[in-house]
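A quick write-up on the structure given underneath.
Letters are used for the chains, namely A, B, C and D, taken in the order the chains are written, and counting of residues starts over at 1 for each.
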């Protein structure tokens, strides 16, 4: 077994023949597609890091399943140190790609399924855990990208899955056969799906007795028959298709989301890790969500680092970096960004061993982490906008640079600090625009709000995990109230 | 004299032959240009309102210059009631266009120049005031759109205009002739310029002795020889050019900004309202800025109303409008929006008569108003993002609706509350996207930060206007400290 | 008729023989009581201002009832200008007393009862309005202090008045006699009660059919038989009783609250302004609350001015006033304080004439005003604490100044900027402590939260008043959604 | 060697004969003093925990100096786990005392001096480290309380120590003798000083060449000749002296601060750990401050737990605990409190081994931790005030309970939920008042702002530690800017 390089990864997904629909067109070959390429490069970065001398140590682990080397992005966490290192690795990738690198969802799904199947087997006598170990050992050995698929469309939010006008609005078992099941439904907001080899499907909420048909956890290849991917638009996405690529902002990397439809997809038994055990659906959701809320304590911090660096750079280029209010705002950006990081680290360092042997994050602190992620990136974006100046919203197109009249005027009038070039100033502004109001803002702002659950989901978990009764009991005791 | 209708306005700008550069192409005829059209329609709305029975009373005033009827967008304010009505009119336009309707800058410039020229004449014996009255009476009679042009490129922010490597980085008098002057330079962030007939040029900062060549206030037609306009990109702007216009978000209206270059433009004497009186440059800047900071207490509130309405609507369509946390967030949005409005009203109601006879806003409260505008729309956008759900960032293109595979899947899986249509839900999401991360966010977020000056400019004014010494004196008196 | 001076007011309340209980002792004569005196002086200030040349114009009005001169603190507002002037007057008193001056509650109650009785009469054929006009003309002529009494104890918040274990937990009519009624109950948080001549009792919530016994609005003298006042403790209150008064902070003025019990108090018919008309209870509560929420847009801003002035002064005394972060924090304090003021002005300037002829505040903006009052003073207090330095919490007692060892050490070691005296520095610190953590914080912080209703009450009103349906309709129209 | 019990500790400080000045009186015997007792009990709690079975494991460590058992409050940290456990121990103490338990300052000073002396010796060939090891082994063996003394009065903040009008405004070496030195000066804000056996004096800022006389680090007994302690007042402190102790709020524990004067105090050589090495003054300050900023990530969180518990309890007693806005506010309190905790844990878990062998916290994250401490407790206090209701500011004295008239009225009218007693409700309200506006607020709010340095100190450190240049370099690399 050997870990893939970035190029080997790119080759491996080149051969996948996905059913993708992009901007109204069916598109089979995605490797040359300029809307998809940047997001593939971001995934490839996670492969290359396992080979570079400076990062190899952080990105390579010994697999607990095969005792062979594995990429940490496929690791079953063996210690709190592993949890901490996951966050560090994510921050590192965020800093270097300035976008979502998409490979965490599968990692978080795997660790959640690993421990949940163990406990499910213990209670119900099922045999999911070994089956999952086998499946995941294969993933590690092939060094694949796996997308975790949780969010169902949900239809009318006031109704349960079985009460929806259309039962498919929550992905469900349509038919049970001897060798497997047929599923139907859709999963929304699937980041990285077009760059993945495999999909781990999980239920989206705590199911109740009578809702067994929606309690399905299984693996499906991304190119399986019946699987359709519909591209989700991002702000300014088509700038990637323009002749002058200068307006994209992030010249190399990007994120991507799709809506994935499962139209009567057959799943063989060996790829099923839960079927009908509604009592473990909530546990699975909660664990996956908490791992993923931890993840944001790394990746979004890394993107935040980029935004901070770009803001400090534009301040310098604008000639205002010595102004005390500018320095103060940059310190505030750092402070907020590091507060998120502290939460990512803390929920890892106080993690605990599960009965299955892998390590779980501290559920309370992971949710606290994510709730801060739904707030602070917005304030970072606001402060970056403040320091960048109005040009952030009124910058001419890079296409103008070729215009014989407009080009020279832009060079002349957008010159700022003598130490920097106008074209570089424009590049930095476009990067900031990408993150606060462009394609990158989908990952940095909207996903920070909704990824791994909207804020209310975290608040509910925080309320549950905080031992409020215990706090009240201690007050009673202090005050000698009976 | 009769007020133009929206159509008459559109006809009037159709005949202007502007030197415009858009996305790398020189473009003479803008009326059919789909990137410009929505912003023209927004301006046209301000004309139509002067004719509609329900709004005529608010939009029509008696001109103080001609005693004829005028559109309030060209009014020289005669009372605090006029100031209050200006804000109400702006909120009204904001609600109905969901964007910047561009006609306030000229109004604010006119009122600032009106009082400043009066005082300048009184001190220096110049004759600018009558000249400006004549000019502005013509504007009122012709019912024209005037863009105020203040923001110079500024180059190296650590240097004064005359110390810049290139003296043109602040617009300046290049040559003085008997009948007028030749000016050179550029003005950035010019909202509405492509839809304006005239430009009122003003200096961008308080000038000092020795900087007379930069102390120029004058009027120039937008199509004057030597005037070049370079289009500023907005997020997702080219969605307006796509075949399926459904992804634009705001189906009818939009804003637009350009960078305008003045390449040796001749300005005749009768169009000059300040030339060299550096001691009045700061006063002019301060007054214009304060009027414009008041303006935001109306227009941004109106756009905020749209965002609140759209958020309430998507909550209902998603089936979550009864959730207490959703209701609470909508109340918070209203609260913040109305706080801005209160500041707009308050700085108007406590305005004062200038020596020239027109009314000025309360400088302290106008700056307080704007400083809140640099904060609260960001929180409204964040809350709207929260309530909208993740689809805000992952919605497929409307072009997919025609795709025989993707279209039906989208209709099936994005159905939500039974009381609403999927296509309507998509429309509302696209409108919200427009305001929080699309073309509309340039006006609603970036302009809220930087229009009429970045936050630090307001802070400086607040510090100056607040009579801190008086507050300390009262404390000394209360404490009987000598 | 002539307006009382402060001294005449003090004499007038001296003769009242109240049933007061203070710190476990029944106390008849309050004029000499050092816990009460500062609050009396604050009320007296409102009388003196009607005589001082510099303030007479603001504080004196022509009574609409008698056409005689009246103190604005007893005025039935005749215009939006009157509403604006009320706020200005309150800010003025706040700046000069640094505390609650207690006379607004009665003013706000009177204006609410004035319009509500008019409408009640029109609907029910009752004759309350003329009765109230007569009563209030007498108040104006005698220039009395009236306390408005609204907040009932409420007992179990989950139950209606009539379902309480003890029906007295909401003040009620215990007995109806031919000449009047007997009432029983209590009113909490009665600011200024010990310094008032009269009490206007109002219901505390919207009552329903079947709850007529709680729908009582009437006037009772503060010294009436059966009325008992129980003193509410403030932080550090007994510093007022110490030999060295230097630790009090505010050397002259202070606020005070009591719990007032009505033990079978007889109220004659001519003092009853509502009895049983449950359908007007909610209107009365809403109007009173809104007037009082407007009031905070003046008084708390005035106290905020004191806190800002004291903070700027201590910064200067500490020698840090030139530090940019200190200046920035003071600007922030001003900004927040003026935002509240803007809301106070705006809800006044957009007020409307009631059917009864007096002017009501804009209900939406008055609630927005108060909701900001529940937030911003806390941030002002936090920033003042930041700038003051740790001494705010560790300052030795002024009694130490007489200690032969400690006194000289304090003078030596607490000397700061050479331009100020150590004793003056201590005075300023004690004033700030008074407002952020002492007796003054009851008025500036706790009352800012709960006075005129807790934040949730404002949120409910904001949600109701904001025309959310109208906003949604405009969005539907813009998007052409059916 | 055996660890003291709480009682043994109390006995040990009873015999100390301190020069204390309290409220204008010299006071030798403090053990019976009701203003001091609660703070002694809080310290005693840290002793008892080393004996209780449930806490022994957390509070007892193996000393790295003697390999004997020691209380963790005197531990030289040997691992990141030790750093994490320190924070957990502090949170535990905070929850159980609801106040500052005072024993961390010495612990933090010891760890800072431990590593700084090591490095100083290595550079300068001094022998401080072994001297300090000997001293601290004795502290561990005797199980003593040590106060760290850093904050000098500072006089005119714009001047250096040697430029002050009075050179004593920074504590300094007045005279050097063969066997030791004589020092003079004062240290402010000394929490726990009256309950300590020993003082570790440190400089307050980075000193420069020429300022050697102020570069002194040494140990002095609290009862040494020439040492004077002057009591700092807290809000409502004298409630502890009243007959009815019910108004104190915290019935058992409390904090205390003094100003300590060193009037020509002789320090023998073996107690000196730095004398004149100005180049290590800044390092010592920075390390001590960072350890102490970490500490707040534990202790203030514990007090926050009490405030949350009390708020949840009063909500239940008031009958509003099911209201969604109440639940939401409590979740917000928990979220903010846990965010601080996460920072405390994170700066510990990412700590590093110093050259001397003990473990240092992550400097960046420790400062981030403290900066959050200067904000979030204020918001917790505001939310607690919101939920508590207005009674928080108007509650009658507990002395009234004995009044034959007032007592029964209070019992009758302050009854709320049938499941709780009025007296218990009052107790909970008084505890909350203690923390948000009473004696406890000195520790919970003012100390949270200023303890271990005001916010600006943390901001400077954050700016320095954040590797801004590195972030900019990565952006340059991403954008391929030279």
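Convention: contacts are C-beta pairs under 8 Å (C-beta built on N, C-alpha and C of every residue); 3 or more make two chains touch, one makes a residue touch a chain.
Everything numeric here is computed off the predicted structure, so don't read it as measured data.
Trainee: Same or different: at the chain A/chain D interface, is the fraction of residue numbers used by both copies above or below half?
Mentor: Over half shared, hence same.
Trainee: Work out which of A-D, A-B or B-D repeats the contact pattern of B-C, with more than half of the residue-numbered contact pairs in common.
Mentor: Selected from A-D, A-B or B-D as the counterpart of B-C: A-D.
Trainee: Considering C-D alongside A-C, which chain pair is linked by more C-beta pairs in contact?
Mentor: Between the two chain pairs, C-D has more contacting C-beta pairs.
Trainee: Need the CA-centroid distance for the pair chain C / chain D, whole Å please.
Mentor: Chain C and chain D have C-alpha centres separated by 38 Å.
Trainee: Rounded to a whole Å, what is the gap between the Cα centroids of chain A and chain C?
Mentor: 52
Trainee: In whole angstrom, what separates the CA-based centres of chain A and chain D?
Mentor: Spacing between the chain centres: roughly 40 Å.
Trainee: Two or more other chains in contact with one residue: find those residues in chain D.
Mentor: Chain D, residues with two or more chain partners: 325, 328, 459.
Trainee: Taking the complex as given, what residues does chain B use to touch chain D?
Mentor: For this pair, the touching residues of chain B are 324-325, 328.
Trainee: Of all residues in chain B, which touch chain C in the complex?
Mentor: 84, 95-96, 98, 250-252, 305-306, 308-310, 312-313, 316, 327-328, 330-331, 334-335, 338-339, 341-343, 345-350, 364-365, 368-369, 371-372, 421, 424, 427-428, 431, 459, 462-463, 466, 468, 470-476, 478-482
Trainee: Can you check the complex and tell me which residues of chain B touch chain A?
Mentor: Residue positions touching the partner: 19, 21, 23-26, 151, 153-159, 165-166, 168-169, 186, 188-189, 228, 230-239, 242, 244, 247, 257-259, 261, 318-320, 322-323, 325, 374-375, 378-379, 381-382, 385-386, 389-397, 399-400, 402-403, 405-406, 409-410, 412-418, 433, 437-438, 441-442, 445-447, 449-451, 454-456, 459.
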